[in-house]
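What follows is chain A paired twice: with chain B in the first complex and chain C in the second.
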Partner chain A sequence: MAKGPNKEELSKLDYTLPSTEWMDTPVEFKPGTFCWGAKGKNLQTVEFPNARDWTPVEDDWKLPQEWEGTVLEAMADRLSKYRSFKLFMDICVRCGACADKCHFYIGSGDPKNMPVLRAELMRSVYRKYFTTPGKILGRLAGARELNVDVLKEWWYYFFQCTECRRCSVFCPYGIDQAEITMMGREFLNLLGLNTDWISGPVANCYMKGNHLGLEPHAIMNSIEGMIDDIETITGIRINPSFNRKGAEILFVTPSGDLFADPGTFTAMGYMMLFHELGLDYTWSTYASEGGNFGFFTSNEMAKRLNAKIYAEAKRLGVKYIIGGECGHMWRVLTQYMDTWNGPADFLEVPVSPITGTRFENSKSIKMIHVAEFTADLIKHGKLKLDPSRNDNLKLTYHDSCNVARGMGMMEEPRYIIKNVCNNFYEMPEDTIREKTFCCGSGTGLNASENMELRMRGGLPRANAVKYVHEKHGVNMLANICAIDRATLKASMEYWVPQVSVTGLHELVANALIMTGEKERETNLRGEPLPGKEGN
Partner chain B sequence: MRVLFPFFTVIVLVLLAFAGVKMANLHFLFGVIIPYAAITVFIAGFIYRVVGWGRSPVPFRIPTTCGQMESFPWIKQNKLENPSTTLGVIGRMLLEVLFFRSLFRNIKTEFREGPKFSYGSDKWLWMAGLAFHWSFLIILIRHLRFFFLKVPYLIHVTESLDSFLQIGAPLFYITDALILGAVTFLVLRRFLIPQVKYISLAADYFPLFLILTIAATGVLMRYFSKVHIVGVKELAMGLVSFSPAVPEGIGVLFYIHLFLVCVLFAYFPFSKLMHMGGVFLSPTRNLANNNRAVRHINPWNYPVHVHTYEEYEDDFREKMKKAGLPVEKE
Partner chain C sequence: MGTNLKNILSEKRPAILDRWVDHILDTYPSDTASFMRDKKSRFANPVGHSISAGVEGIFEALLQGIVQEQVSVFLDNIIRIRAIQDFTPSQAISFVFFLKKIIRDELAGEIRENSLADELMLLEDQIDSLGLLAFDIFMRCREKLYDIKANETRSMTFRLLQKANLICEKPGEEPDVPDSNSE
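And then the complex of A and B:
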């Protein structure tokens, strides 16, 4: 790597603690570990307060007057609205079980990246203003005043948490730092303190429907390009529809799949599968983003963006919705969408038109995961598959944090993998399923200016991949998340360059024998299929 | 400061009880008034805190799922780690509360040159935690014998189970050794594990020191420096029957023990010890993961400003038409 963080330096991890107590250790904005500040125009687009350009490294953050009052008022408000927040402020016993579970702590050695300390950054302020011991005893009770330095510390560390919930799995009370980080980011956003890489996509999602800001014709162009590629590879011309009223199914996927490799291969995979099934579905250019950058901003912003999905389903008159491969998107859909924007009584309980399976577990939200849909097809023998087409791959599978810990879909993707690929090896048990490690760049941290942070946070995951690479010769990392497809690609290139990254439905489409296809010479990436290398 | 302050607080508390009883003869204060006050504060405070939490709604159903969700009949759901029914949630909570399920998962992340990580099982905290809490509970149950004229059968059973390792007389209780050992371990790990030391507050040392001293004075009374047990029973019976009387000659050690217990009770509602109540309310554990099947209601859900399809079409109508996309308004 020519540019970017020095690998040798990142490999030397030092867990020695500072000699000063954490409250006396000032936050240091190390280049490469934080994102640029939000631009005024993007905040303005979504009517956010204190919209202005600002720079995190400058002393003056151009905070509004009386900002302390704003934060404390918001804190009081959220304490009365979220039992989780209030409880998690009160009951931590500081046992330290969560401390070494965070990928950012493991990869950086910075003690404030221990989930318990990240929470204490907020708790200390909570104690000062909302608890009697904190008010009386102050520092002795672990309380401290809210001031600019504390605010900057919040900003630095709440944008070093990917809300992955790994800490929450290990905490005896289920204390979830993701909840606290979300609150922290809400407060920061009241002062106009978002990051550029989150607020830009939020504005894009709001105005254009997707985080990349692809306008309607650009979405179509991108998909046209994929269709051409599919025709080259399979000889089949497929013909997807957009914004089509009366379709049975609305399909929503993260827009990252329309934009860059290897996400585009996954998108090709969906389309090939749906074409082969003759599925009556439509894309939408209005609800063209499954991901939700609002979720990394504030509850209200997340709801505002999410609203488009049901609204579009209603406008088009579809029966139900299928969602593509994405991580946090599925936590949002599972745990928030119906509560925010439901009830979706204008939709029907999803029924697979091919197998007749009724998805009872989604009978309220009326939206199913494409991996569930596909697993059901395979189980019913509805797909003709030739897994040997993936024989060049030795595969391992990364559980996305949110799908694992905010939903619990663990077997469906594995079932699919085992049916479309002959060589599958699991990473060590403590790094998969509910204990899976974050890619290191979730929740809008996948910018380029914070590459050191991302590579540090990605190290535990990469390390587990490296282990199976060395042990079994694994050369491909599968996942079901659009952010993963972008971020793991970068962290693999950095830490384990022998391993590439793929979405699940790319593998499915490679193995899928389509009706009337020509003899395939290459996979979706244009690489020769196993046994065809000589041609 | 974080260690010394709680340490000296406990010493001052001991001296206070000693001076109050031995020198100032305030038996009634330490034997009756303070215990009543402490138990009142405990009950009222506990309820106040739990009601306080209860007043904040649970706007979203956010269980942390730790196993396979409910899916097709042919995929096995992990009903305890990812429950979709109330029964499953009860099972999950019982495992949490009785056996510290999540703490049992604990692994230790180790770093080696390379860089390489390895993850080893680390059950020490879980073991010490269980030993401490269960001993505490059993000791509490055993103490109830003082409050009954005729000791209930259940307490007898607890006692005889606890003392099956009979060493001499008086009966030796296993939990006495366990609690001393476990709390000592918990204190030591706060001193010796650098990360844990770094995060520890005075409020983390204080309950440990307090409980250690309570257990130590209890053990002293029982095995070494006998106090007048019949008198203790009389005092206890007086307290529960609301006709308090202070018998003569119980011994100052008892009053120290009792005073520290009172402090623990009174301190409880204002401290992290409230995790006892909180663990039952934790939304990441006590909710079923049935979000997709049953709509969860947020009582403060409010309408938000969205960018509607109509506005979107207004922004892009010409481009959409050119690309051949259907539009609502020509």
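And then the complex of A and C:
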């Protein structure tokens, strides 16, 4: 066997890092921390500029001529268009309150993941070209030129921000790094610098209506499979409809719910609930994606992908829309859809046909989140529930950034959980609700090639889960977001393998006593129900 | 009470642990090291917390006698983090060996005065064995990471083919890459 270093050599090894100013430390592309570059064909599909295959680790990024001009022009344009962007470039006092609040910083220790420094990556360029002190004093005023190294640094770090907005909660000025990252990604996108993991789904969604590129028959097949499973478990054959004109409600959920566990169990949950209620709803195989990866490229692309939802609602002549469990989908729909593609004056204010509740909060967008819908049902005593069927579970709940911090939906999911499960334990206060930690892989960072990065970003959330696991024996992590269902699964496998991941409506459906059901032996996962283990 | 190495180590425990933690934190950029040193909340600062709790546990094990399962937990808490950060394998586990130098520096006088060189050698052998254990743990973490990557990619490809009706097995029959958490 080869001889290792001797004691003397070992004690001489120095692991302290070189300390250079951040501006003088160019980014190093380390495997596991970034996603593959976008493929030309996918960019072409949506007519994005500079479509070509490229590789982040190669020196030559095949940038277009005059690319600096393109970026600076776009920057000037957005600065005049969005007051928030201009403010965020100007008003930071570098107090540092945000610095240690980002999950990527906490998990990686890389100073450029401090929100304040992430913003400086762009601010320094802004100062150079758009402020007088920056133009005159240059570096003394914290300004620097836009060059290829800076561009690479932008790409690296704007794809290490999940736009979760946790930092903004702690900023005395409310500076929202998410918006700066969005701008950064827009500019990069103008040069064809997107990631494969985002641009692939965008192209798919543009052509086929969903991120996975599932065609109508594949969607229907997938749902058929779930219906078979539901029948095996409950003895009830349910019969959902597709693209049905004249249905009262259009149901839209992230396509992730249709193809990957545990999302599929959540999808089964929706269908069992709707069947029990006798809801007059339809799936669409065209508006078959609630999520919007366009949102992770540019405002314009997000708008284009979103357009199909209202269009399909109009075509089918429904009254309103219910959205499945998703995070970024919900933020896009509530905060952007109306201005982009509204007004949806052909729809009505959502009214629950079961309870009569009028969802005034959705007066304008005409769409409600399934968690609000279900919480309202439970509140009115409309569901027969047996929470003991979930007694094998000790639950905790992860607030998804977009629904909780972004949209303020914090009580509904908890209310539902408490009604369908007997064992619920909150994670520590600083890690939930508006201070929730991101799953670590949102905004299209949930590729596999950047797994180290995902684990770093996922550490603060997983660490809090681990705590409740050790303290209370928590073994299940509930959430209402399709990306969470995929990414927390990986994060738990690495950090807390004793804890699994579930959507909310899987729990609801397990507890739901359906009319005419046979005595259930298993839960939706096919595992024996508590008390039925011996059967 | 006779002067043996373990008694001295017990007495000097706070100083040794402080230096050990400091030394580990210095493997991070300086701003980060101060954040990890100062922020005490285990939720706001999981890395700093795992390191300080971890080294305490490991040190205690050295004093009390190493029980592999117990000490593995503390090593794992630190290594699992370093295995996904910007470290080479040797950097990720080097912290175990830092302890040797710290003990020699801190206890130089006592060791000479009380002729404890033999005891020191035994202790260093134990630290070496912890180093080997650390390496195993590091490898398990990396293998786990690859399993997760492979399983994500596999299950996605599988489901997509299935949805496109190109294959027709039941999901339950899909063999996963074996789980490296189970030993």
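Everything that follows uses one rule, which is that the second predicted complex is superposed on the first by the 517 of 535 C-alpha atoms of A that agree within 3 Å, B and C clash if a C-alpha of one lies under 4 Å from a C-alpha of the other, contacts with A are read in each partner's own complex, and residues count from 1 in each chain.
Throughout what follows, a residue touches a chain if its C-beta (ideal position, glycine included) is under 8 Å from a C-beta of that chain, and two chains touch if they have at least 3 such contacts.
Keep in mind that what you see is a predicted model, and the values were worked out from it rather than measured.
On chain A, do chain B and chain C fit together or clash when superposed?
Overlaying the two complexes on chain A (C-alpha atoms) leaves chain C and chain B clashing.
On the A-aligned overlay, A:390 touches which partner chain: chain B = first, chain C = second, or both, or neither?
neither
If you stack the two complexes on chain A, which partner ends up touching A:80: first (chain B), second (chain C), both, or neither?
Touch status of A:80: first partner only.
After superposition on the shared chain, which partner residues are touched by A:376: those of chain B (first), chain C (second), both, or neither?
first
Who contacts more of chain A, chain B or chain C?
Result: the larger residue contact count on chain A belongs to B.
Given the touch rule stated above, what does A:100 touch, chain B (first), chain C (second), both, or neither?
both
Applying the document's definition of touch, where does A:460 land relative to chain B and chain C: first, second, both, or neither?
Both partners, chain B and chain C.
Applying the document's definition of touch, where does A:141 land relative to chain B and chain C: first, second, both, or neither?
Only chain B is touched by A:141; chain C is not.
Would you check which partner chain A:431 touches, where first means chain B only, second means chain C only, and both and neither mean what they say?
both
Does chain B (first) or chain C (second) touch A:111, or do both, or does neither?
Touch partners of A:111: chain B and chain C.
In the overlay, answer first, second, both or neither for which of chain B and chain C A:255 touches.
A:255 contacts neither chain B nor chain C.
Out of 6-14, 96-104 or 114-122, where does chain B collide with chain C after the chain A superposition?
The overlap with chain C comes from chain B residues 114-122.
Both chain B and chain C touch chain A; at which residues?
Touching chain B and chain C on chain A: residues 11, 13, 15, 17, 99-100, 106, 111, 114, 217, 428, 430-431, 459-460, 463-464.
Enumerate the contact residues on chain A facing chain B in the complex.
These residues of chain A touch chain B: 11-13, 15, 17, 21-22, 47, 79-87, 90-97, 99-101, 106, 111, 114, 116-117, 120, 132-133, 140-142, 165, 168-176, 179, 206-209, 215-217, 220, 242-245, 285-286, 300, 303-304, 307-308, 311-312, 315, 333-336, 338-340, 342-343, 357, 360-365, 367, 372, 375-376, 379, 404-412, 415, 428, 430-431, 433-435, 459-460, 463-464.
Which chain A residues qualify as touching chain C in the complex?
Touching chain C from chain A are residues 7, 10-11, 13, 15-17, 19, 30, 32-33, 99-100, 105-111, 114, 212, 214, 217-219, 221-222, 258-261, 428, 430-431, 448-449, 451-452, 455-456, 459-460, 463-464, 467, 490, 493-495, 497, 526.
Provide the residue numbers of chain B that touch chain A in the complex, in ascending order.
1-2, 5, 49, 52-62, 64-72, 74-76, 78, 81-82, 84, 96, 100, 102-103, 105-109, 111, 114-117, 119, 125, 129, 193-196, 198-204, 270-272, 274-275, 278-279, 281-285, 289-298, 300-301, 304-309, 312-313, 315-316, 319-320, 322-326
In their shared complex, at which residues does chain C touch chain A?
Residues 26-32, 35-36, 39, 41-47, 80-81, 84-86, 90-91, 94, 97, 100-101, 141, 144-145, 147-149, 152-153, 155-156, 159-160, 163-165, 171-172, 181.
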